[in-house]
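Below is one structure; the comments refer to it alone.
Each chain carries a letter (A, B, C and D) given by its place in the written order, and its residues are counted from 1.
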């Protein structure tokens, strides 16, 4: 059975594992105050061209989103996001558990527009009974979105401008940031993306690490006391160096970028194979997740050798499924899949 | 200027005020442990034909909803409600502030159906990644809804059955309960309504009292330690007797029912006047709130003498506004309005 | 049976009741946006000599403390207070329910010193593992304290200076403010007290009103969006004018001050009677609460005609009880008590 | 520089690292639903002689404490613990951040007694104004405590009995469980400890793992929906197998026990060396943490070659410091320390 089910199927990139082995017996201070964390922070500041940014390492995505969002909002504020945003759907109400409403905006592929955000903020500011409603206090975006879409430089700049005009911070969830940056359609560099938001995180769990997400804080006001929030939310790893070591490896010699690029290349080969077979694709993802709309017999055929993930019903007996590549996808697995797509039932 | 803007414009019914005057100098224990609260509880139990129900008095609606809902849900659970439900829209995220997501269901007039609720609960129970999503832990209904609709006995029984089949409590927000029961279309008695839910509240603020809501708890498991929750949420009035006295008067000789009935009678006269004038009515409210869809010139004409509340834009320059009657609406105000509706521009 | 049990035994001062009667039929906007609230705010600003202060009206003390404290603290911060502070002991964890730790300081009579506060703040600032501990984010004082003590002008100024040197706000719980200001030992005027804190509340519930507390916000940064917090915490009364009317009466012609002064006069007569009888007094309260340490037989004797409140065991079979006067204490009740104290067993 | 500063200085036990290397390329399902987690659960159930217990793996201690405690308490309840309990002091108010008060009990070495707990519970049950105070809803113990003390079988049984008589669950924080069980003074087996509480966790982070804590739930009522709480609190690792693999290794062939035993042996050699030198020891720890009370010159002497951790001032210029051994302490480091203790200034 070959699995394309998700992008967190295996362990870590061999270079990370090797470094964990090499450093295992070194005694370091705890809680992220070690030299590996220091080195990784410097590399990430450099990669973002943001030498003044604060960088913190957390363990997982839900933890990171909760910690960041709860650190920013005041009690009467909520967070704007796309209705398919991870925080709105798949984090068991983690944001609400910290007291804040998630304010979902309609979206077809997980992207939202500056126009949508401005409309909400303008209405809120002019509403006579404002204080009976949750105040939008920040904007959450995913890059790429949960269904693989990315924002163009223009779209992101417009969103950032609206946020700043209304005085709310913009936060980007980069769980799959590497795959988004590697998309052939992407026109944003990492420094450009970093400059067009107030705080974001670089996902490690799905991009080569055993686990780990690197929060990058650019806006001065959001930096204060952030380590308290990490500790309070249970995200301060005793052996914090494990995070430092992993990100140090990922941002040495551009490893993060090269492994994500390769995964996207493989994903686009799969996309083309489906398209050549005449299969419709849900959304226009040019990142590592692909969503073919398959007939029953097609899915049954592929299910014999490949594991994919159910995404949604498409009606008429057809189903949208997700095929995911990652930094760890073996090329021969993709070759096998391409061959089988070509010969599956029409 | 005559105001039909809302149903909390003036003080209290004269009988309540009189009783407050009469009892002013009596020394009683605090925190709702006085004989007036005792008496009021007995009267409410009798009116609900629920001698075993627990009855508690709180000050306002948002406070009551928050206290009840937070007392029922476990941390990973949310509350199902109509998308226009008061807790979803107009309580500044009070429910979320206690850690719980509000799970809105689409609705045209604030009512939701047993079918909608069952679908959600069935999907939740069968979902493979359930634990990544908020668990629906209870159902919130408004009777009447925020736009004046009421549930029939059959509809409520169906909802209650679904809830019990899936093991979640049903809670009814009765901020305007008296006006709902007084609707000519209503086929539920108070005892029947009480028997078709697990917990509900009888609204006093909008139905004759200075302030006050009476929570009636029928389900045994929800009774435990409820006074702690009232205290913790800031709802335990030092001079709790003020609540007891008011509800004692309201449920003596059926005052609550008779004053609400009169308000609905007046509201329906207003409805008929608009209909006779050819004005469309938003929703089918047969309670104390009426929502004419008015042209610009009509609204301008009425605005000269009457205060109503903007509800929503109806397109084509027309606006939905709310005209509200209450236990305190003077008949001559209604007469004046009827006359003016008849002569306003077509 | 004559009750000296607490200061919320009866209804409201007759002038308040009269005004509620007179205004009962007037239609006003809801939620505190009426002319009575406006007028009361102006009077309170004037009484505090703080024309730029924001004034808001809430219903009760726990609600007020919770709303104020949760509006100020960030998630990782807690509130410093005396270990007998009301928020630490008798509010069912209301502060913790909003996510914040109460940080108690040892105290014999409910007062804490500038030295204590400074020590905590200095240690916190210099601690190497600060982020593993809750950050003191504000100071809560009661004036008078729960056991009747008051701060001198010097003591309060010292506390305020420490708070400002370390950048944390000082909040005063004035549930019994009127009785504190009326103490013969008090050397603070209301304007002076208002100028020596950032935010405080003037208690109405125990000082003549049916209910109600007036929050006065002096520090600019704490004013923002305060109405949202009131609404979210369930404290925004639909008929907000009820609060405005009551405070308008209390601050017209100095009623608040004169009725509290009379209550303190009576309390001090009781104190002297106990002292003349040779009874020890717990604490040095010169406000409306008095705490004699009574022998079993003395208490039994007084219990036959008077209701007091158990405060604490004093060992050797003796008990500390509380005798409370209030604005509503009839002089003949005090006379009776004085007579009986004189003749009770030694 | 040789470090005895804490027990999370280095990486993982070599066997764990080896297994992580061996399994790195295997594709497994995410979120703890893999065969390694299954296997580790079975081994832990067996080690606890609790085949019906539920076992869950989390990443760190604060996260585990928060998740467990918030899953158990209702909103008006708090958690009893020793005043030096980790949740009371060093978790940045994580428990309070979930809405619950920590109720500290005085303690000299982190242990509390059945008598203390019973007194609190009895007073709470009989208090007339119970609902104004936080209800004790569970008991938290550390085994060993933060200062290295352990409970005897008798002490734990007494605590468990009190808890059950009053109907509250007992939870044991076993961050250093292995070191406690390995104490020569310990008379509890792991199955006995497991049978004398309702829920506990077996610490991995400080006992051989890179990270990880294993929650063992024995009481039926506490098992329900626990995975939701893990997810909501950000503790559900995408590559959950990393936790399974580590605990699988630790509980294969008793590795967990043997490595902890060795650490305790070394710690006791250090204790004896200090005692032979005439140094007083703070507390009677017979586990892996030792707390000598050192004079200024002694500490200065040792600080030249060894890193220890400041614990508390002991007055008269002396300081209590912590020397910690762990599964990873090299024997030669201990030998060196023993030699230097022998020759340090008197």
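In this section, a residue touches a chain if its C-beta (ideal position, glycine included) is under 8 Å from a C-beta of that chain, and two chains touch if they have at least 3 such contacts.
Everything numeric here is computed off the predicted structure, so don't read it as measured data.
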More contacting C-beta pairs: B-C or A-B? The answer is B-C
Greatest centre-to-centre gap (Cα means) from chain D is with chain B
Cα centre of chain B to Cα centre of chain D, whole Å, reads 50
Separation of the C-alpha centres, chain B versus chain C, in whole Å, is 34
Chain A and chain B have mean C-alpha positions lying a whole-number Å distance apart equal to 43
Where chain A touches two or more other chains at once, the residues are 75-76, 91-93, 97-99, 131-132, 228, 231-232, 236
Given the complex, residues on chain C that touch chain B span 3, 5-6, 8-12, 14, 17, 20-21, 23-30, 59-64, 66-67, 91-94, 97-98, 205-206, 210-211, 228, 231-239, 242, 328
Within the complex, chain B is touched by chain D residues 70-71, 74-76, 98-99, 130-132, 135, 225, 227-232, 236
Chain D contacts chain C in the complex at 75-76, 78, 89-93, 96-102, 129, 131-134
